[in-house]
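Below, chain A partners chain B and then partners chain C, in two separate complexes.
Right after this comes the complex of A and B.
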C-alpha cells in the first residue's frame, strides 16, 4: 500500500462547506406549504391539568390545528413513550405521554401542540391557550425526594425511588471491618446540561402515495429514531426515512429518543397531509431538552498503612428528573468506573435512582463518568491527606500496571460487556503529567505566591473513559462504476468530522485518493441497522466496521483481479485506484474495470456476494477504555473568589490516532465543557421546580475568554479490541476537568471541595464557614 | 408587521414605526405612550421581544432619524460632552472627545459587553434601559451628568441622579423619552477608576463600582457609584481623607460603613446579598486605591 492517510492531520473536509455558511441544517431545508409547530408547555412543576381552553387559539387566522391529549385518543400516541433503555432494576417506570394526559411532572412538559401557517402565528396561538392547573406537591431536592419527604413527583407513587441497583466484588464488609484505616467521605455533584449551538429541530413530510415518512431530525441517533417511530406511525422501519443533516452539536442531548416532539411532529405531518416543521428555540431547550444528573454520594474506603486501597463501598443517589426513558443508564455508567485507574480488590456500589419534578435527564458528554472520576479521585486526595502521604505517591501505589492489562474491575457496564480495561499505561502517563505540570517544584512556587498574598493550588486527577460501546455499528463500502467509493455509515456527525475520518480509513484500505471517497452518515434511507453517535464510540466502533467493510471489498477486488491478471490474489495490492501486482505496478487493473465483473460474476467463484460492495456490522467483543491524567494550577482571588487557571496539562491516551487534528479538537472541545461543568454551568431550580436560569445570561456557558490555554501530551496504547487499535476521544477531554479543578481549589484555599460545580459565591460561603 | 416568509425570530405582533425626526417621535409617543417601546440599537429590546418577555403594541424605531450625529460631540459653548440618540457604544469607546473629557467613561466602555453588541447598542439606549447591573448609568450619576427629556409637551433637563426609579424603570412619563445625554467635563486633576466583578468576560456585573478622587486642598474627596448592587445607581461621597488614609485602613473602614449603611444588595443565583456586600466593599477599596495612585489621565 502506497498511501497512508491514517495518522495524518488532514484538514476537515466538512469545513469549507460549513465555514462558508453552506451547511444544511434542518431549518435550512425548505418545502412548499410547510406548516409550523409551537408547543404549549407546562408552567407548573407538578400539577393536575383541570382544563385546557384552546378556543382563542383556534380563532387566530392561520392556525391549522391545536392538539391536546384528547385529540390523540385511539392512536399509538395516546400511550406513554417507551423506555428506550430498559433495565430489570427499574421498579417504577414513568415516561411522558407525548402530550400530557392529566398530570404534568416538570416545567416545560408539552401539553398542547399548535400548528399554523408560520411560526409567528403558532407562537401567538400558543400564548393564548389557557391551561388550568391544580398544583400538587413538588419534589426538587434530591435527598428530600429520595427520602420521600418531598413530592411524590408522580402522584401514583408512594416515594420517588424508581430503581435501585447494587453490585459487588470480593467481600467489602469483611475488609472494612478489619482494615487498619477506614475513611468516610460525602460528595455531591449538581445538574448541568448539554447546550448545542443548534437546538433540536424536525421537519416531517409524509408521501401518501408511496407510504413513506421522511423526517429530517437534528439527532445523533437517526436509526434509533427510525425504529422507535415505526410502531407509533404504524409503519415498517423501511418506510421511515430519518435523515440527520448537518447537526450543530449534540453532546448527548440529541442522542436521546424519543422526545415527545419527535413523535408528534411526524405523526401530525401525516395527519394534516402537509410538511410540518418545528425548530426548538433556546427557551424551549432550557426546559424541554434533557439535562444531566445531580448525584449525592457517601464513600467508605479501607486502606492499609501505606495507602493501598483494600475495599471501597460507594452509595449514591441519582436524580433523573421527572422520567426514566433512558432507564438507569447514567448512574450505571458511574458505577462501571468506580475502580478508576486503581486495583481495588473489594468493591461495592449501590444506588437509588430518583424522580424529581425537573426536566428529565439522560447522558451529556461523559454521561456518568465525570461523577465516577470525581468520587474516586477526590477520595484519593483525601486518603493521601488523612494518611499523610503525598497525593502523587498514593496514586503510584495503587495504579493498575500495564502488565496487569486487560484488567477486570469485576463491575458491569450497562447493557454491554463487563467493565474490563483493555489496555493503558497509567503509571507512565501519570509521570508524564507530573513532569509537565511541574509537580515537584510546586511547593516552592506555592510558598512564593503565598508570600505575595496570592493563593495558588495544584490539582491532579486520573481517569478512565469508556469508548467503543456496542452492540455494533454498521458501515457499507461500495466501489461505484466510476471508481469512486461510497461509504454509508449509520452514525451521525454532529460536528466531529466523521466525513474526514471515514474517508481516511477507507481510502487507506482501498488505495484510492481521499477525494474519491464519498461519505454518507445518519441517513436511514441508506442503512437500517446501526445506532448513532455517542459515548466516544464512532471512531472505534463505526471506524472498525468501516475498516472491516473496506477490507472485505479489497479482498473481493483482489479475487476478481487475480482471475483477470492470472496471478495469485496474495501477490496483489490496492493502490492508486487499481489492483496491481506487488513490485510490478504496471501489471494492474483499475478498480473501474472490476465493477462490472463483480456485478456479473458468479457469487460462487470465491466471492460471498455480488458487487464491489460489503457491509459490516462490527461488534466489539469487549469494552474499550481510553485513559489520561489532568493537572492544573489555579489561582483564587482572595477577595472575589474568582478562578484563574494559570496552567493546565492533559496527558491523554485514546489508542491509535486516525487524525491528530481531529483528536485535538475533540479533547479541547471536551476540555471547554469540563471548565463549564467545573465553574460556570449549573441549572438552578427553586423549591417550586421553576428553573431560575432559563437563558444564556443566567446559565453561564463559558465564552472563549474563560477557556485557558492547555498543553496536551499524547500517549498511544493501541486497543486490542478495535480492529484498528482506536479508542474513543469524544468525551475524555471533559470527564476529569471538574475533578482536577476541585483538587486545585482545595489546594489553594485549604478546605475540602466535596461538591461541584463551584462558583465565587460557593467559595465565599465555604471560606466563611471555614473561618478563612 | 407581516411575518417574513422564512421567519427565524418570533416577537409578538406589533406595529412598526420609523419616524424621521425627533418631533415625530414626540408625536408617536404622545399617541401611543405606554403601549410603545423605542428601538435604538436593539441589543436588549429585540431579545426581550423574541423571548416574548414584553409585548408592546407599537415599536418606534429611532434608526430612521435623519441628521443625528453618530459620535459624541464636545460642545465648547456649553462645556459639555453631548451624546445624541444614535451614538453607538463603539463610537463612545473610540471617541477622543470622551477620552479627554470623560476618561472614566472610556474605561467603562471596555467593560460593556462584547464587540458585536457594542457595534449595535447605543449609549443613550443603555442609559434609558436602566439595567441596574450596567456600568453606564452609574458613570452618568457619578460624573453628575444630565439627560434631556422631551415629549410633545416640551423639553426638560434632569440630573442623572433623578432619572432612575428602580430596576429598568425611569422617573419620566410614558410619553417622554431621552434624546440626549450630557456629561460635564471633569477637572484635569480628577482621577478615576472602575472595578467590576463579572462571572464571564463582558457579562453584566455581579457587582461593580466607579470611583472619582479629587484633590481639595490637602485632602482627597472620594465619590463612588455602585452598579449590580441596589435598585438604582446613586452617588456617594466619602468624608475627606489624606492619601495615607487611603492607602491605610481608614479607607476600608469608611467603605465598610458606607456599604453597611447605604447599600441594599439583593440575592440572585450568582451572589447572595452577603456576598454582594463583601464584593462591594472590596471592589470599592480597590477602585479608590487604584484611582488615588493612578496617573492623572490627561496631564
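Right after this comes the complex of A and C.
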C-alpha cells in the first residue's frame, strides 16, 4: 500500500466551509413559508397547572396556532415520552408529556407551543399566554430529596428515589470487618451542563404526497431520533428523514432522545402543513436542555499497613433532575469505573437514583466518569495522607500492571459488556507524568513559595475513560462509477472532524487519495441502523466499522481484478486508485473498471453481494478503555482565593491515533470543560427550584484568559478490541481535571477538598471554617 | 423618525461593500437581519445577550456584537461579516488560513465571530505576551477547542500574511 493517511495530522476537510461562514447549521436552512415556534415554559419548579389562557396570544397578528396538552388529545403525543434506556432496576419511571398535562416538574418544562409567522411574533405571543399554578412541595437538594424530606418531585410518588442498583465483587463486608485500616470519606459534586454554543434546533417539513417527514435536527443521534419519532408520527422509520447538518457542539446535551420539542415540532409541521422551525435560545437552553453532575458519595475503604487496597464500598446518590428518560445510565457508568486504575479485589457499589424538581439529567462529556475518578482518586490522596505514605507511592503500589491486562474489574458496564480494561500502561504513564510535572522537586518549590507568602500546591490524578461502547455502529463504503468512494456513517459530527477521520481510514484501505473519498454522516436517508456520537465512541466503533466495510470492498475488488488480470488475489494490492500486482505496479486495473463487473455480480462469481460496496455493523466484543494521568501546580491567592494554574501536564493514552492534530484538539477541548467543571461552571438552584444563573453572564463558561497552556504527553497502548487499535479521545481530556485541581487546591491550602466545583467564594468559606 | 411597532421601514445597510435597501422592523436585531433578510448566515447567534461573541461583526472598523445592535440604527455604517474575509478569487484570508493550520476550530460555530474579533488585532499579536493576547481574545466563547488553537492561530496569522506577500 503506497498511501498512509492514518497517523498523520491531516488538515480538516470540514474547515474550508466553516471558515468562510458557509457551514450549514439548522438555522441557516431557509425554506419558503416557514413558520416559527416558541414555547411557553413552566415558571414553577413543581406545581399543578390550574388554568392556561391563550386568548391574548391568539389575538396577535401573525400567530397561527397555540397548542396545549388538550390539543394533543387522542394523538400519540398525549402520552409521556418513552424511557429510551430502560433498566429493570427502575421502579418509578417518570418522563415528561411533550406538553405538560396537569403537573409541571421543573422550571422550563414546555407547557404550550406557539406557532407564528416569525419568531419575534411567536415570542410576543408566548409572553402573553397566562398560566395559573398551584404550587406543590419542591425537591431540590439531593440529600433532602433522597431522604424524602423534600418534595416529592412527583406528587404521585411517596419519595424521590426511582431506582436503586447494587453490585459486588468478592466479600467486602468480611474484609472491612478485619482489615488493619478502614477509612471513610464523603464527597460531593454539583450540577453543570454541556452548554454547546449552538443551542438545539429543529426544522421539520412534511411531504404529504410522498408521505415523508424531513427533520433537520441539531443532534448527535439522528438514527435514534428517527426511530424514536416513528411511533409518535405513525410513520415507518424509512419515511422519516432525520438529518443532522453542521452541529455547533453537542457534548452529550444533544445525544438525547427525545426532547419534547423534538416530538412536537415535526408533529406540528405535519398538522399545520407548513415547514416549522424552532431554534433554542440561550435562556431556553439553560432550563430546557439537559444538565448533569450532582452526586453525593460515601466511601469506605479497607487497606493494609502498606496502603494496598483491600476492599472498597461506595454508596452514592445520583440526582437525575425531574425525569429519567435515560434511565440509570449515568450512575451506572460511574459504577463501572470505581476500580480506577487499581487492583481492588473486593468491591461494592450501591446507588439510589433520585428525582428533584430541576431540569432533567443525561450524559454530559464524561457522563458518570468524572464522579468515579473524583471518588477513587481523592480517596487515594486521603488514604496516603492518613497512612503517612507518599501519594505517588500509594498509587504505584496499587496499579494494575501492564501484564495484568486485560483486567476484569468484576463490574458491569450498563447495557453492554463487562467492565474489562483492554490494555494500558498505567505505571509507566504515571512516571511520565511525575517527571513532567516535577513531582520530586516540588516539596522544595512549595517551601520556597511559602517563604514568599505564596500558596502553591500540586495535584495528581489518574483515570480510565471508556471509549468503545456498543452495541454497534454502521458504515457503508461504496466505490462509485467515477472511481470516487462514498462513505456513509451513521454517527454524526459535532465538531470532531469525522469527515477527515473517516476519509483517512477508508483512503488507506482502498488506496485512493483522500480527496476521492466523500463522507456523509448523520443522515437517516442514507442509513437506518446505527447510533450516534457520544462516549468517545466514534473513532473506535464507527472507525472500526468503516475499516471493516472498506476492507470488504477491497477484498471484492481484488477478487474481480484477479480474474481480469489472471493472477492470484493474494498477489494484489490497492494503490493509486487501482488494484495492482505487488511489485509490478504496471500490471493494474483501475477501480473505475471494476465497478461494472462488480455490479453484474453474477458473472464475477464468488462475491457475496453485488457492487463494489459493503456495509459493516461492527460490534465491539469487549469494552475499550483509554487512560491517563493529570498533574497540575496551582497557586491560590491568599486574599482573593482566586485560582492560578502555574503548569498542567496531561499524560494520555487513547490507543492508536488516526490524526494526532484531531486527538490533541479533543484533549485540549475536553481539558477546558474540565477547568470549567472545576472552578467556573455551576448551575445554581435556589430552594424553590429556580435556576439563579440562567445566562452566560451568570454561568461562567471560561474564556481564553482562564484556560492555561497544557503540556500533553502521548502514549499508545493499542486496543486489542477495535479493528485498528483505536480507543477514543473525546471525553478523556475533561474527566480527570476537577479531581486534579481539587488535589492541588488541597495541597496548597492544607484542608480537604471533598466537593467540586470550587470558586473563590467557596474556598474563602472553607478557609474560614478551617481557621485559616 | 417615528416608527411604530410592527411597521417596516427601509434602511440602507452597507454590508461587505454592497449597499442593500432592507425593510426592517425597529426591533429587528442586526444579527437576524444579516442572517435572515440578507442570507449572510455566516454570522452566528449563540446567546443574543452579548455574552458569547459568536455574532461579532465589524461595524465601521470596530468589532461589534450584532445581537446587541438594531439594524435600523446602522444606516451609514460600514458592516463587515465573515463572508468578506476571503479574497474575491476565493483565497482564504491569512487569519482563516491560520485557523485551519492551527486547528483553531472544531464545530465552527464560534469561528466567524472569532475571526472578526481577531481581524483588527492579529497584526499586533506576534508581539503580545501570551496572557495579553488571551485577554484580548477573552469575551469570546469557544466551547470546543479549549482556545489553544485559536490563540496560536491569531498569533501566527501575520506571519502567514507576510510570507504570502514575500512570495508574490
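In this text, the second predicted complex is superposed on the first by the 770 of 772 C-alpha atoms of A that agree within 3 Å, B and C clash if a C-alpha of one lies under 4 Å from a C-alpha of the other, contacts with A are read in each partner's own complex, and residues count from 1 in each chain.
The rule we apply is simple: a residue touches a chain if its C-beta (ideal position, glycine included) is under 8 Å from a C-beta of that chain, and two chains touch if they have at least 3 such contacts.
Just so you know, these numbers come straight off a predicted model, no measurement behind them.
Visitor: Touching A:759, do we find chain B (first), chain C (second), both, or neither?
Guide: first
Visitor: Between chain B and chain C, whom does A:639 touch in the aligned arrangement: first, second, both, or neither?
Guide: In the superposed model, A:639 contacts chain B only, not chain C.
Visitor: Contacts for A:120 in the overlay, against chain B (first) and chain C (second): which applies, first, second, both or neither?
Guide: In the superposed model, A:120 contacts both chain B and chain C.
Visitor: Looking at the overlay, what does A:453 touch: chain B (first), chain C (second), both, or neither?
Guide: neither
Visitor: Once the shared chain is lined up, is A:583 touching chain B (first), chain C (second), both, or neither of them?
Guide: neither
Visitor: Would you check which partner chain A:693 touches, where first means chain B only, second means chain C only, and both and neither mean what they say?
Guide: Touch status of A:693: first partner only.
Visitor: For A:703, using the defined touch cut-off, is the partner it touches chain B, chain C, both, or neither? Pick first, second, both or neither.
Guide: both
Visitor: Which holds for A:27: it touches chain B only (first), chain C only (second), both, or neither?
Guide: Both: A:27 reaches chain B and chain C.
Visitor: After the superposition on A, what does A:15 contact: first (chain B), second (chain C), both or neither?
Guide: Second partner only, chain C.
Visitor: Tell me which touches more residues of chain A here: chain C or chain B.
Guide: Counting contacted residues of chain A, the larger count belongs to C.
Visitor: If you lay the two complexes on top of each other, which residues of chain A touch chain B in one and chain C in the other?
Guide: In chain A, positions 27, 30, 120, 281, 695, 697, 703, 705-706 sit in both the chain B and chain C interfaces.
Visitor: Which stretch or stretches of chain A touch chain C in the complex?
Guide: Result: residues 11-12, 14-23, 25, 27-28, 30, 61, 120, 195-199, 246-249, 251, 281-282, 494-497, 661-662, 664-665, 668-672, 695-697, 701, 703-707, 709-710, 733 of chain A touch chain C.
Visitor: Write out the stretch or stretches of chain A touching chain B in their complex.
Guide: Result: residues 27, 30, 118-121, 123-124, 127, 281, 283, 639-640, 642, 680, 684, 692-693, 695, 697-698, 700, 702-703, 705-706, 759-761, 764-765 of chain A touch chain B.
Visitor: Once bound in the complex, which stretches of chain B touch chain A?
Guide: Against chain A, chain B makes touches at 3, 6-8, 10, 12-13, 51-52, 114, 197, 199-204, 206, 269-272, 275, 278-279, 282-283, 286.
Visitor: What residues of chain C sit close enough to touch chain A in their complex?
Guide: Those in contact with chain A are residues 6, 25, 27-28, 35-36, 39-49, 51-52, 54, 81-83, 85-86, 92, 96, 99-101, 103, 105-112, 115, 130-131, 134-135, 137-151.
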